[in-house]
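Next come two complexes built around subunit A: one with subunit B, the other with subunit C.
Coming up: the complex of A and B.
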């Protein structure tokens, strides 16, 4: 569990980038944090494992304070983080050695490191590439490798900081599938994103605007307020936009319809009546 | 195109030389350099040649591949050969006009110095050809780790080398991209005088430099997220264990050293340059 208690942060002496953020991320949750560029969503993400320390307020990870130097390694082992640019998070020159980088830092005994490496590579489907050099991989494969590197540390919470933003559609699909698998396996997932379609994966959405939490709810609740989202520079997924237009012209499609398939079903139901 | 470059010059093969512990190989190479400088005459190169030939054959690295490592050296070789040929004045004079004098001593010395250089390069290339860069870095870290007591940053040095190796292809790729972007905007990189071409490199190097700072920043963050906190309390995926082969290699190197020291003692004429 991660608890942010009225967290504010700003770079140097400048104005706050985020201010007065209070947020509890529960175990097993799939949380999406969305927001326009500069809304402070990535700044919030970097507070979750102590990469940034709040200017005021506190962040607790499983009861440990991130500003406490003694617990920072435990916190970072617990909260894995996958970043946007896959190239800039791979440290060594061989795939399997990169996966072992985290466990090496944790001081795990050698045979156990290899067990973890095998397991993590299997989880992201990269076992066949284990002897490759990272620069020979595609963007999606590199990002899967980065996820494996995080998984090898056995975290309970994984933060994806716009991890799909630089990938091609196939790579994005692969990474999203892994996110789903990990969530199903009981990991807490925090996904920072600009893609409103990806938000549908989550069971809770935080919308950030100008450094503050503007909305907090399930995807259904959030997308009921399409106008409010648009005013913050965010779009709604296409099925939601179609749904709202149809509803405006008199169709009564329930707010829980968010995907193309369920929308098609609803329209079919009405047409066949 | 740039993606396919190989790092260093590692030649992948299964051989007893490849399998040697990198620490032993590094120490053997250091010893080998000393041995090469112990040879004071052409005769003394004979045992050395036997050793190098045997090592190359055992390593399964093709001779043609070995000779490639000499290629960048060709001008230095020619320069050193000519310099020694005409500037050494000993032995009998063969040819002389104006200020140039060719002596037997000069010919001997020119060959001697050139062959010595070839030996040095062949031996040291064998190390980089049979050891992956990552093992080499690991070996260097472990050899220098006793110096940590005097605050020598062995781990940090190895980490810097690893990251440099990791990012060479990435930065090359980026340079390629920037170059293409600048060319498509009308930059002329391949034409004009040397000065013009050097100047044309500036719009490529500056974005590359700025980009690498951004990369460094992000990489540091990713490393911290994965609990990197220096070399202390860190374990290793690869455990290095000395094997019988490492023992044999050490023995061979010591015997070679002994031969090179003792031989001129027994046969003094071997050590004398004519």
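Coming up: the complex of A and C.
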């Protein structure tokens, strides 16, 4: 569990980038954090494993305080981070060594490291690439490698900070499939994203605006408020936009309809009366 | 007009590692078009657009820009002046102390100074929606991601290219930022008559703006035409691409026995059509 208690942060002496953020992320949750560029969502993400420390307030990860130097290694092992640019997250010249880099730094004995490497590569579907050079991989493959490196640390919580933003549709789909698998396997997932379709994967959404939490709810609840989202520089997925338009003329499609398939089902029911 | 005549580009030619990034590509882009190029990573999109201003040369074939052969040194210089290139994440290339000086750089390189330079810089800022008095003296590094990208675009627009070539200009922006860059490009096309050639992954973004789309797959053009034509006939999934969501909905409705015109790409038009049927059912 991660708890943020009245967290504020600003770079140097400048104004707060995030102000008075209180948020509890429960074990096993799939949380999406959205917001326009500059809303503070990445700043929140960087507090989750102590990459940034609050100017005021506290962050606890499984009961450990991130500002406590003694705890920081345990916290970082527990909370893995995957960033936007896969090229910045690769350190070695062979795929399998890159995955083993983290556990090696934890001081784990060699046979156990290889076990972890095998397992992590398998989880992201990269076993066949284990002897390759990372720079010869595609963007999506590099990002899967970065995820494997995080998984080899055996974290309980994984934060994806716009991890699909630089990928093509296929690469994005692969990374999303991995997020789903990890969540199903019991990991806590925190996903920072600009893509409203990806929000539908989550069971809870935080909307950030001007450094504060503006909305907190299920995707259904959040997308009931298209106008409010648009006023904050965001949008709704296309099925929701069409649903709202149809409902404005009395088609009465339930708010739980968020996907193309469920929308098509509801339209079918209403047109074939 | 931009013409690709049987263009092949081979990387590491004459070696064992030689491979064709694009092979035997022919197409034209006419003046005033909003031409979009889509394709998976590795399909050859970036290789293709780098030919348009002669950053790389065809291994075989020819690229002509308003008739200038971009493989001929003297013609290349004339052709290049017509083409503005905006690479991915162009804001990474900002360098000057102020927004004004950053935009001035390209103009000065054309040998333009004084009043004309000033006029070009301020009108480029206005074109991208950056208030001249507010932004001129700001450091580009103090701006938000969307604003930085506008500065980078203004730097190219101030050079008054006839053809503007952009590689994923909306990548990494929030929905509003994406929308505003897209409207800006549409405005440049319709009001200033600049021909736009844009590479994008996002079908949903380009479906509304493109006059024509070319789909690139393994270095070849797999389909070319208006969005309606291309999405009707092309098996995009097999190429690692996704149909625009509006088309996915139309197909999904068709499976349920509800037929809607396939060239209805706009979500509002689809909603209106569905409502019309609902109210008359």
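We take it that the second predicted complex is superposed on the first by the 273 of 273 C-alpha atoms of A that agree within 3 Å, B and C clash if a C-alpha of one lies under 4 Å from a C-alpha of the other, contacts with A are read in each partner's own complex, and residues count from 1 in each chain.
Assume contacts are C-beta pairs under 8 Å (C-beta built on N, C-alpha and C of every residue); 3 or more make two chains touch, one makes a residue touch a chain.
Keep in mind it's a predicted model, so treat the numbers as computed, not measured.
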item	value
Touched partner set for A:114, first subunit B, second subunit C, both or neither	first
First, second, both or neither for A:97, with subunit B first and subunit C second	first
First (subunit B), second (subunit C), both or neither touched by A:153	first
Subunit B versus subunit C as contact partner of A:9, first or second or both or neither	neither
Partner chain(s) touched by A:246 [first = subunit B, second = subunit C, both, neither]	second
Subunit B versus subunit C as contact partner of A:170, first or second or both or neither	second
Which superposed partner A:37 touches (first subunit B, second subunit C, both, neither)	second
Which of subunit B and subunit C A:235 touches, first, second, both or neither	second
Intersection of subunit A interface sets (partners subunit B, subunit C)	none
Contact footprint of subunit A on subunit C as seen in their complex	40-42, 144-146, 171-177, 179, 201, 204, 240-242, 245-246, 248-249, 252-253, 255-258, 267-268, 270-271, 274-275, 277-279, 281
Complex contact set, residues of subunit A against subunit B	46, 49, 51, 73, 76-77, 80-81, 83, 85, 87-94, 96-97, 100-110, 113-114, 117, 133-136, 146, 149-150, 153
Footprint of subunit A on subunit B - complex, ascending	3, 7, 133-134, 162-163, 165-166, 169-170, 173, 215, 218-219, 221-229, 233-239
Touching residues on subunit A, where the partner in the complex is subunit C	35-38, 84, 138-140, 162, 165-171, 194, 196, 230, 233-235, 237-239, 241-242, 245-246, 249, 251, 260-261, 263-265, 267-268, 270-273
